[in-house]
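First the structure, in the form of structure tokens, and then the observations on it.
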Amino acid sequence: MEIFSWDFALEVLPALLRGAVVTFSATIGGFLASLAVGAILCGLYRSSSRPIALIGKSLIEILRSTPLLIQVYFLFFVLPEVGLVLQPVTTGIIALGLYHGAYVAEAYRAGFDSVPRGQWDAVESLRFSRYAALRYLILPQAIIPLIPALGNTFITMLKDTPILAAITVPEMMFEANDAGSQSFRYVEPITMAAIGYLIMSAVAAGFIHLLRNHLGRFR
Amino acid sequence: MALIWQYRFDLLVGLWWTLKLSMMSASLALVLSMFFGIARYSRNPAIRISASVYIEFFRGTSALAQLFWLFYVLPYMGVDLTPTQCAVLGLGLCFGAYGAEVVRACIEAVPKGQLDAAAALNFSWFQTMRIVVLPEALIMMMPLFTNLLIELIKATSLVSLITIPDLTFQAKAVITKSYSSGSVLLTTLAIYLVISLITSTVMKRIETSLSRGRIAEGVK
Amino acid sequence: MTEMITFENVCKSFGKTVILNDFNFRVMRGEKVAIIGPSGSGKSTLLRIIMALQDIDHGKVSIDGKPLWEVNHGRHLVKPTRRHLRDMRSLVGMVFQNFNLFPNLTALGNVAAAPRHVLGLSKKESEARAAALLAQVGLSEKLSNYPSTLSGGQQQRVAIARAMALEPKVMLFDEATSALDPELVGEVLGVMRDLASARDLTVLVVTHQMGVARAIADRVCFMEGGCVVEEGGPEALLSQPKNERTRAFLRAVHLA
């Protein structure tokens, strides 16, 4: 028997592509969730109230110091116990959003800190309101150094989605495993899935590079 | 809590495996990252390019995909590794690539003036690396390696999916036996949290002792 | 003539470092004052207090007769509301040593931003105002340039136009020409001098370049250790200082 059968590869391709669509959607969903979670955590962390800031800091620490897989299991097993029954893919998206939200919060913080003090002086001396200053002057600057960090988060998340297979989300690695266990041929599906992640993250990296060049044009 | 106490040995076995695998794959990753990180600066283009290919390939694919590949696919090619070997090799290769990227970035961050100074003193490539570049780069690497080490410890949870009885695997086994998930998972989360905190504290200590005398204290 | 800026017994320290020590200082409407002195003598802090970027520990600061910072007898700063600070800031414009232009906006955008978002003018009105101001500082050609594509002198002229866009009664220049290459100082100084020629505008310049003090000021104050040590007309003070510390400072500056 040949090691890599092209015929079999072709046979499992549709299932893998179906999985790739789930992988991609879960990544997009998780990414959007992490942007929101990151904003909330960053807001807590930067709060002028001490206890709230401490809560934010602890949440970030806990989310960052424990494995995604355990967090995924936690949501998968514990949410139904408190009466929240969700689709596995929804649970997965929430888990990705929480786990990576802690990293995004750090990125937001770094983005804010990258805006020089002098900009705030200028904003204050020109009598900008908080909102107008953030909206028109500070955020557009803070967002540029954010793009590589957020891009990284996106790619890391893409590569983390196979973890969701552990809670039966039918993403690419799940489909590959499934195909393998049915036919007892793992070589083709798993190799193709691995290459699939490589291609997807390469495409994402290229896209992020373009976006950065486009937004960073005034530098 | 009684439940956790009842299954304490299962969890302790898991903890032991998690720590053991973390140590072994971190050692492999450290060697690989040093080797390939420095190889990126070799004057031989073949070495340079193969280092880049290694780094990009293993950073680009998913860690879990790599583990599965070693575990499921390699036997068909006539290479039969034990699950432990798969785990150490997979995590080591993956984090070696991330580490190599750290090494590369820190070498790059050494001011160019120091390279000029080394050239002016007629140092060889090895001397420049050993005497000038690496000591400087090493201090910059420490906090980044700490982060990577914690990422690696967290990533060891993936080996539970290739049948190794690590902490995550044992936690799931206990859930299956006891039909109770909340307290088991919370305990597991707490154990990982403690491991991470201890690791980062210890690494901070090492970091400060390495850079002692280099950061002027009390001087602005 | 009325008093525009008044400092009464103002104290300010950062930790153990005393910046202003029982400081008294008055500037009349329309006066052009230069403040010179060694670094760390509290010159910049003085300007930042007037711009309401910095509070005080003790005393009282008024602008145009209205209290800005006031510490009552219980030694508590009467905490001004954000609203009050914004109102007071409408009297004052400030130009910074490092320009502090907004890198994400063009020259026109930088000058138009405050009229648009603070005064609430329409896009058209604010841009017309900005274009007129940029013409005044000689930058009609550079409206659509981003700051990173402008020279230091050009950036500082944009910053001056930006500060003028809110029509302040007081202009503060904090080492406005210090970060510039020597050959670029002239163009910025020219713009500052044009501004200073306006009768009603009160101008306060902090500088360590005596040429700037000479060109702009009709009164020069030498500050050291948180106090005004000596003041007088530019010629008198810069050429024949009476105080020994002023003489020592000027000698050191001329040597440099």
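Per-chain numbering from 1; labels A, B and C assigned in written order.
Here is the rule we use: contacts are C-beta pairs under 8 Å (C-beta built on N, C-alpha and C of every residue); 3 or more make two chains touch, one makes a residue touch a chain.
Given the structure is predicted, the values throughout are model-derived calculations rather than measurements.
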Q) When you check each chain against subunit A and subunit C, which touch both of them? A) none
(Q) I'd like the most central chain, judged by C-alpha centroids against the all-protein C-alpha centroid. (A) A
Q) Which chain lies the greatest distance away from subunit A when centres are computed from Cα atoms alone? A) C
(Q) Can you compute the centre-to-centre distance for subunit A and subunit C, using the mean CA position of each chain? Integer Å is fine. (A) 47
Q. Once you find the CA centre of subunit A and the CA centre of subunit B, what distance in Å lies between them?
A. 21
Q.
Using mean CA coordinates as chain centres, what's the gap between subunit B and subunit C in Å?
A. 53
Q) Can you name the residues of subunit B that touch subunit A in the complex? A) 57, 60-66, 68-69, 72-73, 76-77, 150, 154-158, 160-161, 168, 171-172, 175, 181-182, 185-186, 188-189, 192-193, 196-197
(Q) Please output the residues of subunit A touching subunit B within their complex, sorted ascending. (A) 3, 61-62, 64-71, 73-74, 77-78, 81, 158-163, 165-166, 173, 176-177, 180, 185-187, 190-191, 193-195, 197-198, 201-202
Q: Could you pull out which subunit C residues touch subunit A in their complex?
A: 48, 51-53, 86, 89-90, 92-94, 96, 98, 100-105, 113-114, 117-118, 146, 148, 162-163, 166
**Q.** Partner subunit C, residues of subunit A touching it in the complex
**A.** 116, 118-119, 121-122, 124-129, 132, 136-137, 140-141, 218-219
